[in-house]
Amino acid sequence: MAIGFIAGVFMIVQFFVPHAVATQGYELLLDWARIIGAFALVLGIGSLFRTHWDKIRRRRSGYGYNAVTLLSFGLMVWAGILYGTGEGSIGQRLTEVQDGATFEWLFNNVQVPLDATMFALLAFFIASAAYRTFRARNIEATLLLVTAVIVMLGRVPIGEMIYDRMPDVYEWIMQYPAVAGKRGILFGVALGSIATSLRIILGIERSHLGG
Amino acid sequence: MGELQQSNQLIIMGLSLNTYVLGLWLQAALTFAILSFLIGDNPVYKFAEHLFVGISAGYGVVIVWKQAALPLLIFKLLPQLGPTPGEAANYWVLIPGLLGLLMLARFIPRYDWLSRYPIAFTVGLFSGASIPAAVQTQLLEQAQATMKPVLGLGGIHWGLALSSLIVLLGVICTLTYFYFSKPHEGTLGVTSKIGIWFLMVAFGAGFGNTVMARLSLLIGRVEFLLYEWMPVISVHFNNHMQ
Amino acid sequence: MTTLLQRLESIDRRWIYLVILAAVVIPFLMNLKLPVGKHSPSTTAVHDYIEQLPPGSVIQMSFDYSPASMPELEPMAKAVVRHAFEKGHRILAMTLHPQGALMIRRALDEMALEMNKEYGVDYVDAGFKPGGVAVILGMGKDIVRVFEDMDARGNKLSAMPMMRDVADYSDIALMMDFAANSLPLAWVAYAHEQYGLQMGVGLTAVMATDLYPYWKSEQFVGLINGLKGAAEYEDLVEVPGLGILGMSSQSIAHLLIILFIVLGNVGYIVTGRASQRRT
Amino acid sequence: MRPLFTAGWLVLLLATLCALAAAQGHFPAPTQVAIADDAEDDEGTKAIVTWKAPPVADIGAYMLGGYEVHLQQLGGSYLGRIAFSTTSPAKDFELVALVPDGNTTQATVGNIVPWRRYLVEVNAVYVPADEGPRVAEDDRLRWTNRDVSRSRATVSAAPVRPTGKPYNNKRTNVLVWVLGYSTIVLLTIYLARRRDSYIRPIAGLEAVNDAIGRATEMGQPILYVAGLSGISDIATIAAMLILGHLAKRTAAYETPILVPCQDPIVMTAEREIVREAYLEAGKPQNYEPENIFFVTDSQFGYVAAVDGIMLREKPAANFYMGYFFAEALILAETGSASGAIQIAGTDADTQLPFFITACDYTLMGEELYAASAYLSRNPLLVAQLKGQDIGKIVIIAMLLLGAAAATIGAIHGDWEFLKSFVNWFDVHH
């Protein structure tokens, strides 16, 4: 579609133009994309409601949990937008930019611990993944596990007690061989992503538009 | 902590509760609820998961409303509602507003094809932006970092030169692993094999280097439970004992 | 023997979870303080730099992290604050991270209370300032103006006794940036390179790997690397805290994971041979 | 005696003049005010104002404290924030800068709209000599002296029209790569039809059919996660293309494919892709848009929900394609515990180690972008891979040349062309 072509070409061209018009145009279009994103979120919320409301309506097993989702969603939107800081008329609250105390309380005491704990699960998963899969099956797997073990030892004082130059070994691995592999990936990724972008801008690839 | 003084008293069913303390209990309960996932799926985790989805989706809506919809669209069209009431309305934002509305055409099956326009715009925009960015940060910067003296001549330390040579060979071999249009046999077979070795070293290093960061996250939760929540429990117990 | 190893190979992963949980929790419960080992030169460099500053020097600290990286960065921030206060230095705290304001209150206010330091005289909390590079550049010209003459508590910055001695970067002996992101790069590029501000950094382990070369090239006076660096710093100031405790957890968990890997491989090799014999 | 006599007269004369000037409120004004485009400024938003100091610097108890610079825009119209032509009536002069130093005769003014015409006027400011010039801390356009006297303003002779520059020549190296590589890719695509092309096997993609087959046999769905970086990332688009090919195959087998989404725009595009796939497979009646659904835009909220889906819906195969952050291992470990076949593909180099260890097959980096070509065998896409391979050869050649240049440059420090070859790759952000 022409609109995608124009937007894409503009973004490439503006990169090479230092003029204020180019930088302002760049920011303008990014703002536009954010506005479109805001509308798209309505679709997302529509989908969320449909998924959970369907299960509640059909009394599918465990529909109580779906009610939890919808209620907590409503609570957060109420606290953040409809109630706001709790001052002024509903119209004033709707256009309030600062967050109310209730909204912050919910965020700090519900979302933050959930986020942090979900993230912390990784401590367990990283251990079990290492245990299950670090097997010296062949050269590749052996290289993977030996490097991982050396690097892990390089990070704790005990590594130094085993071999006093462990931190240097760690440093060398991180700065040279590991960088080589990573850089190879980055080069390939750059080539692949640029080619894909070109295909999209030129309209050779249009399956994301259903065609 | 300092928040203690600022928090309000809540009275629920005759029990006087401090919102700060209530928050700590809630945080602790949700921490345990998520950790219970490690034992297996259970109603407590399921509850926490559904709560998490609802709260975070709600949070997302509030943030988009306050940080995108209001300042970028509504205050531009109706400045009298916003922080700078004197400013003139900017009707150009009607263009993205219209594109956004086309997105909503999805709700009307007959016109849902209209949503292709905003999608084409967004995808085209970011595709275009990504091309020079990829060249700059992934090609040029990385290429230059690889161009180092690879022989211990002219005052270059041989160890450093050898390390740089390893990086150079490693990058080249890794690139040949990604070569698609020829079978990996003969020389290409050898170099791509060495390339995989370098990849594996990189992955092993990445894995080992991340363990510490991930354990720190768990330590963070443990510290919360031990040093923020536990003291509150002991205070409560003491109060009840008296 | 073989059956035991076989069973070990297909062990329920929940046992592993339990062992990791124990490895992390027990050091805290037992107040276990494993030896810190040799101090890294990059940590010692920060310590020595603060040590040699004349008493009363102003150290600026930017707490550019959020609750997510608190376990790694808070222990080191507290240790550095303690060291600075002990030496009689003054601290100007600030942050470029929206969630950093809370981090300042947690790390700085608590230490100030413990060490009996007076707000406005010994330390000032300028709070969060949005704008990133613009803030860094602006502070090179006029610090009070950048913060619009307002500290995090709503007081006038210019009214603080300490701020009378602080106009711009030339009055700051050292800037410490505690960060879990690439903000130190902006500080280096704009404050160090353009205004000659001496700076040290305290980083999460993941970021430290990326920024290590800047210490090597002497753009940082020193670098405190994750919990390990925090533990070393606590050891240097001789007040063990959450850094050393956390590092003990880390050490034990690391060793256990390595042990798991070794056990798994022993099991794999032994059972692998057994199955080979069968075929 | 004579010099002293002359000096005495001069002082007297000067004092009289000053007293006269002060008494009449007449302070000398700067002369030769001019405004010019800032040649260093690429954006076209800055201009340089110059003037000559007034002839007399001290007047009684007053001193020349500095200057005030006023700008006048000569009209124009806006498109968004972009300015065009200059026809509407001029605005008033507006104070844009204080120069609190009598010795300065130049100022740079910013915030100018490019391509508009501007006039400038400068007046001198006189302040009590014992105070010196003082400017308010909170408002750089306000003097805080107890008394401020201004001369009349001198207007610049001609207006300026700052233009900025159309091209950033520090980015030529990027332009060369963009143009060169695009040409290679487009040429290979253009020449595509000429011959049949080979693609080396990609293990993860050979396993796709097995995974779908297994799900069909077990009568369980397939789970597809298209990364967490949203529509702004090309990796997500690559992942959506792979989804299209997968959906075609699952449609044929009538195996449902669950696609939880974290970005609503991605969700909308994916629905379109999957619908089209079902249409092509001849089973449009089996397409269920509800299977492609929005969860939440929060990273870990999304992961919590997807983990729940894995344990409750028990998909037989999990696909993770696109860009991932720390959640990669949470997803992959939960999936592995639930016993699903797992195929991952990502260009996130930080997460590859975790997918490699916890998944059955992993597409690494560029393989993610090659996947849609491999799955479709579309000659255009296959040709694009050829273009990428030529790009690799060019990079390898550059690296070898660059390393050689650096090595020889270390020996012959004075061979400048070697250094300039390596320096050509410098980037300017």
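Lettered A, B, C and D in written order, each chain numbered from 1.
FYI, a contact is a pair of C-beta atoms (placed from the backbone, for glycine too) under 8 Å apart; a residue touches a chain by one contact, two chains touch by 3 or more.
This structure is a prediction, so every number in the text was calculated from the model and none was measured.
Between subunit A and subunit B, the least number of touch steps comes to 1.
Pairwise, the chains sharing the most contacting C-beta pairs are A-B.
Distance between Cα centroids is largest for the pairing of subunit C with D. With each centre defined as the average position of its C-alpha atoms, the distance from subunit A to subunit D rounds to 18 Å. Computed centre separation for the pair subunit C/subunit D is 30 angstrom, with centres defined by C-alpha atoms. Counting partners per residue, subunit A has 12, 15-16, 33, 36-37, 40-45, 48, 111-112, 114-116, 118-119, 121-124, 126, 128, 130, 132, 134, 144-145, 148-149, 152, 155-156, 174-175, 182, 185-189, 193-194, 196-198, 200, 208-210 as the residues that reach two or more other chains. Residue positions 13, 17, 20-21, 24, 67-68, 205, 209, 226, 228, 250, 253-254, 257 of subunit C are each in touch with at least two other chains. Contact of a single residue of subunit D with at least two other chains is seen at positions 80, 171, 174, 178, 181, 232, 234, 237, 265, 268-269, 272, 295-298, 300-301, 304, 349, 352-354, 356-357, 364-366, 370, 388, 392, 395. On the subunit A side of its complex with subunit C, the touching residues are 112, 115-116, 119, 123-124, 126-128, 130-132, 134-137, 145, 148-149, 152-153, 155-158, 160-161, 164, 167, 171, 174-175. Against subunit A, the residues of subunit C that register as touching in their complex are 11, 13, 16-17, 19-21, 24, 34-38, 40, 67-68, 205, 209, 212, 226, 228, 231, 247, 250-251, 253-258, 260-261, 263-265, 268-269. Those residues of subunit B whose C-beta lies close enough to touch subunit A in the complex are 19, 22-24, 26-28, 30-31, 34-35, 37-38, 46-62, 64-66, 68-75, 81-83, 93, 95-97, 99-101, 103-104, 106-107, 113, 116-135, 138-139, 142-143, 145-146, 163-164, 166-175, 177-178, 195-212, 214-215, 217-218, 220-221, 224. Against subunit C, in their complex, subunit B makes its touches with residues 1-2, 38-40, 209-213, 215-220, 222-223, 226. Contact residues on subunit B toward subunit D in their complex (touch as defined above): 34, 37, 40-41, 45-46, 48-49, 52-53, 55-57, 59-60, 90, 92, 103, 106, 115-116, 118-119, 122-123, 126-127, 129-132, 135-137, 139-141, 143-144, 146-151, 153-156, 161, 164, 168, 171-172, 175-176, 178-184, 199, 202-204, 206-207, 210.
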